[in-house]
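Common to both upcoming complexes is subunit A, partnered first by subunit B, then by subunit C.
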Partner chain A sequence: MDVLQKSSERIPLSQRPEYADVKPVAQDDGPNPIVPISYTDEFRETMDYFRAIYVTDERSLRALQLTAEAIKLNAGNYTVWQFRRLVLKALNADMNKELDFVDGIVERNSKNYQIWHHRRWVAENLGTDLSTRELEFTKKILSKDAKHYHAWSHRQWVLQALGGWKDELAYCELLLKDDIFNNSAWNQRYFVVTRSPLLGGLGAMRESEVTCTVNAIMEHPENESPWRYLRGLYRNDTQALVKDPQVASVCLKILTAKNNYVHALSMLLDLLCHGFQASLEIRNAVYGLSDSGAQGSDLVKVVCSILELVDPMRANYWKWRRNMAPAQAAQCLKDDGLTGLSL
Partner chain B sequence: MESSRKARGTKTQEEQWMVENDVGQIYSWVSSIPPNAQSVFLEIRRDNHIQYLMHGLNNLAPSFSTLDANRPWICYWILHSIALLGDSLDGELEHSTIEFLSRCQDPDGGYGGGPGQMPHLATTYAAVNSLITLGGPKSLSSINRVKLRAFLLRMKDASGGFRMHDGGEVDVRACYTAISVASVLNILDDELTQNVGDYILSCQTYEGGIAGEPGSEAHGGYTFCGLAAMILINEVHRLDLPCLIDWVVFRQGVEGGFQGRTNKLVDGCYSFWQGGVAVIVQKLHSVICEQLGLSNVLDSECDSESYHDYETSDISDVEECTVETSCPLGGTCHHRKEDSFADIGVDFISSKRAIAPIFSSMHLQQYLLLCSQEGAGFRDKPGKPRDQYHTCYCLSGLSVCQYCSSADASSPPLARDILGPYPNLLEQLHPLYNLVLDRYYEAHEFFSKF
Partner chain C sequence: MGELAVEKHVKFILTIEKEKDSFESVVMEHIRLNGAYWALTTLDILGKLNTVDQDEVVSWMMQCQHESGGFGGNIGHDPHLLYTLSAIQVLALFDKIDALDIDKVSNYIAGLQNNDGSFSGDMWGEIDTRFSCVAILSLALLKRLDKINVEKAVNYIVSCKNLDGGFGCTPGAESHAGQIFCCVAALAVTGSLHHVDKDLLGWWLCERQVKSGGLNGRPEKLPDVCYSWWVLSSLIMIDRVHWIDKEKLIKFILDCQDKENGGISDQPEDAVDVFHTYFGVAGLSLLEYPGLKAIDPAYALPVDVVNRIFFGR
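On to the complex of A and B.
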């Protein structure tokens, strides 16, 4: 319950003249309800009055006020939110004030679907240029929790529906500078790079993005985010991934350094399964990681064996990859019309 | 916690190190005590959990007011947990539950969060699953399927997804809850499934996992929802499965438990959302092979003789299917007979697993039993309070672990696959619906009659 709101401050609805003619409707829980909640008197009364208004579909100012009180007691009551929207429409209410209302309750209820959905509805209805205000709003939430799922979704909706792309890539870069492990920021980066009407699309952006990503990888090779991002840059174009020298090069560097190389090996495995022809340097770097000094032509098998040892949580997965890989690589050769050549 | 670590890592790193520290302390403590004492700590404290759950069923504190629009969920979390623990309610409580949920049922179809509340897809899912978990003709026949179907259709959105409620949000959760309910009640058809696959597909991210909405971050809860829904509408082959699998296996961290998103913290509930995905994909081997353009490559550890593919199409008849293009046979290569949405759930569970588990079942069980399990109830991680939601999904995750190494649904798990004493064995569940298997079979039988 709200520690700051003393119960003595609230006047019970039964004592408020503006609700005098409302007959509260009790919840129809039945004689032996299960999962019954021990409501406070305040909660029970508020909901009893809300039910009365709801059942008669009264779309008035006092109805609006009642929904605000009900929401403050339980921001998850979607029925109350939906009714509030009907009342707002009926009253032709000031939607800017409604944004203020949401501002007021979001801090204590930010992980709540209903608030964010309502915010989106209000913004849609306002139809004026709200982009700046909404980007600021989400930025504030993200400054306290840089991975807040609803805030990010809302921000993406704002960008697509209301615009404001100009500074978004820079915002991502700022967040990543602060915490290079923030996967939400990487996800947003992908969103901007692929969808911003101000940039040229993935094709135009790819080369510079690969360079940035590779730098991030070199900083922290154990950071999974940039590795997934790198693969993402080549989504639907695996052959380009296989052929990009920056990709092979970063793998080689990390394998040679022999530190935090699980993702590098995993990337190498993916490349090999898509027909990548490993250089002698890469082969030697891999053999250098293998205790048994395993050599031999099947690099895929060596890579998988090393992974089974150094990444034991995924040992079963690497075994499965090892079983799948020969057929995959052979298929790749077939696809490239290279049957008859030995691996 | 070493203070020398201060200001050396990013926020992500610092938070992760703290959790690893907490979890590490628990593990090293347990490994330092004699084996006999260890096995006590690995026991599932059945009686305590049931007592905690029953208490919630009969009374909830004022702080639960914030869940006043989610009471069918609380009901499901409790009932499903009790069922997994192999127990059940007495006749009186059963009756009260059916009565209560009937009051949550809207005359025009669907269930709301409480009596008099608008119907909502998530609470509908929870109510239906609760009633199926109770079982019995009285419980099952209390569901108005005709009205429910109409409600589901009203919730369909132009985007292909579903709205959670009238005027509500559209996301992958809504798709799953609608499809799961329709499937288990045998009211699923083309009218309901139309364009849903398109929407879910658009939610698969570059990472491989699935997001709540197109563009958002790949997330365990939504990945489960998206994958399960796609299977139930027979469109799972449209997802990039190798990419999804690679993403999900990396969600299991050093602690043994699963995280919801890349570089976030472990949480017991993801044992089901992510662990469930991991076991579901064990049965999608043939689809994966097709996507990789391979003839059916079987894991050498599996008995290929008895392999039974739940898909009716013959592999050799299928042209190469890549994930980027639609099937050259015009999307019909996996097309089933018109009315066979009804059999997908039952065919899925009876098909044999072609591959061994791709995650570490024992490590996950260890996290659940030692870090999530409390004296009574389960929690997210050490330091967080227990609740019914985590109790439900931690137990569901445990069940998934216990049964993941069995070749098929009818063979009981071996002792070596259960962490702790063999009595730790929970009931088996159907991963697509998260229902105890026996209850699912009963419902399938009941609703297939008409």
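On to the complex of A and C.
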């Protein structure tokens, strides 16, 4: 049976001899007025026949074919998918062919949860070395939509369950080269750096990762993702963040350039709250951004005032940061084990 | 600023509920229970729940329930946690939770918890923090949270926390506003919000607001009305909603209305649907838009409905 039969060649189920003994079951939804759109007729007929097979729990080849047609008309119908799985099991079907089936329909339906879950179920059932095939599968989807949430989720599962880590960091780099703003790729980067059994963990990778991240920031200082990634690299080790000259340096460069400096100011604010001693150049760069020519020893307050002006949508957040700053600085020093040191 | 076209939206909802043979309706028949929840909750927020035939809805809904106690998306569909929550929520709206065999339903839900504390959506085993949320909200509304291992459930959710303070669908998955709502609501309802870094997450969430005033779900993505719910309710639950510009968000939501035919869409000028109509109206309620019933940010039900359940008559 041709699972990939085109809609234009479709013979109504009522005219197919192999379904002659099936009595279609209508959806119990209420009165059934005449519907002008023929697509809906095709849909309704297919679902009526599906319901008949489902109700009698018929797990045959023609049932399998019917689920394929129903899925192609509406891949969101989870009951059809579940029944298909029961039929596949009963027929002891070739799961490799099932992967082919999903390949054939995923492009039109990639945003649908059911397809992804089914794909995983098939892969789990196959139990053979599918890592390469599954990574290729997700890569294909990501090449059309590099932020596709389901594809990334499936890819993470593949790596952890089936392996294939070797080229993953390089893949992230490729995607970021395409679009440095791709937050999913940054997330995957963190996933690889922290979880790959081949890379030695965050400690070993941090220095090189900071360099890459700083370069990305210089390219587009307005890009939210690398700033968050940078903070993530120093998770649980804020003093190292404060002491890393690359971090202070990139802030200074951006503040001096006076362009897209909101995230740089925000990072500087975090550093200051963790005991960072701002150099004269940094101080002057900040004062240079302030219209009122504000000076004064409390750099934190100046930074917050500027942020309130240039990022007015989040003015309340920056006001809060300004009010919290003295207490926050003291707490941060305490948390970082630096009580007793004066600023 | 524009206005909320209440009458048009009510009409839109009542019309699509009746139009069982429109293409959209036929194609969404397997999630009709979700659709019922979105439509009816919207009507309740707009003060028009009494325009529906309560008995008809409840009688149809009970036919969606299975032997196992779980509900399918429509009659003849397999049970799943998602539709089970919608059923409980709809019954809550009508003050008819006692139509349920509560132990049966809660046993179905509790049976889907895994050893690591996560929840599967149904017997087929898909795991996602959405299901943790749905299971916990369901059991909380049924007052049967003691049927699951709450500590393990919380630990699983916490394992999905990311470096930006947000949450994904599974450990390591990208932070996404929808998943964040699910995790924060589940933590809120189980008294576990101390696991959330509220300042860090609050900042991530308020950064979702883009120039147009709308909210996106992840960095560098487009704004969508549904995030007016996911992001906003999360901010409210962690007490940081004052970090966004409320006026601008209200304007964005109102701009997404179809003022001629009713309904709200994901972005201005796009086609409307009941899903975005619900999230738009619910978002406006959270923003205290005048004339709307207050909605609970965790249970996603009107506050008076939630109070009725927990503080009785």
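To be clear about the criterion, the second predicted complex is superposed on the first by the 314 of 343 C-alpha atoms of A that agree within 3 Å, B and C clash if a C-alpha of one lies under 4 Å from a C-alpha of the other, contacts with A are read in each partner's own complex, and residues count from 1 in each chain.
Keep this in mind: contacts are C-beta pairs under 8 Å (C-beta built on N, C-alpha and C of every residue); 3 or more make two chains touch, one makes a residue touch a chain.
None of these values were measured; they are calculated from a predicted model.
Engineer: With the two structures overlaid on subunit A, would subunit B and subunit C clash, or do they fit side by side?
Structural biologist: Verdict on subunit A: clash between subunit B and subunit C.
Engineer: Please work out whether A:75 is in contact with subunit B alone, subunit C alone, both, or neither, and reply first, second, both or neither.
Structural biologist: In the superposition, A:75 touches subunit B alone.
Engineer: Touching A:167 in the superposition: subunit B (first), subunit C (second), both, neither?
Structural biologist: neither
Engineer: Going by the contact rule set out at the top, does A:100 touch subunit B (first), subunit C (second), both, or neither?
Structural biologist: neither
Engineer: In the overlay, work out which of subunit B or subunit C sits against more residues of subunit A.
Structural biologist: The larger set of subunit A residues in touch belongs to B.
Engineer: Given the touch rule stated above, what does A:129 touch, subunit B (first), subunit C (second), both, or neither?
Structural biologist: neither
Engineer: A:231 in the overlay: touching subunit B, subunit C, both, or neither? Say first, second, both or neither.
Structural biologist: Once the two structures are laid over each other on A, A:231 reaches both partners.
Engineer: After the superposition on A, what does A:323 contact: first (subunit B), second (subunit C), both or neither?
Structural biologist: Touch partner of A:323: subunit B, not subunit C.
Engineer: Common interface residues of subunit A with subunit B and subunit C?
Structural biologist: In subunit A, residues 27-30, 32-33, 35, 37, 39-40, 43, 47, 51, 54, 74, 76-79, 82, 85, 113, 117, 120-121, 147, 149, 152-153, 156-157, 181-184, 187, 190-191, 195, 223-225, 228-229, 231-232, 235, 312-317, 320 are touched by subunit B and also by subunit C.
Engineer: Using the touch definition up top, name the residues of subunit C that touch subunit A in the complex.
Structural biologist: Residues 20-21, 23, 26-32, 63, 72-78, 80, 122, 124-126, 162-164, 168-170, 172-176, 202-204, 206-207, 209, 213, 218-221, 242-245, 248 of subunit C touch subunit A in their complex.
Engineer: Taking the complex as given, what residues does subunit A use to touch subunit C?
Structural biologist: 27-33, 35, 37, 39-40, 43-44, 47, 51, 54-55, 74, 76-79, 82, 85, 113, 117, 120-121, 147, 149, 152-153, 156-157, 181-184, 187-188, 190-191, 195, 223-225, 228-229, 231-232, 235, 312-317, 320
Engineer: Show me the residue ranges of subunit B that touch subunit A in the complex, using the header's touch definition.
Structural biologist: 10-13, 56-71, 74-75, 78, 92-93, 95-97, 99-100, 103, 112-118, 120, 164-169, 205-208, 212-213, 215-219, 243, 245-247, 249-250, 252-254, 256, 261-264, 292-295, 297, 299-300, 324, 355-360, 363
Engineer: Going by the contact rule at the top, pick out the subunit A residues touching subunit B in the complex.
Structural biologist: 1, 27-30, 32-40, 43, 47, 51, 54, 73-79, 82, 85, 113, 116-117, 120-121, 146-147, 149, 152-153, 156-157, 160, 178-184, 187, 190-191, 195, 223-225, 228-229, 231-233, 235-236, 266, 312-317, 319-320, 323-324, 327-328, 331, 335
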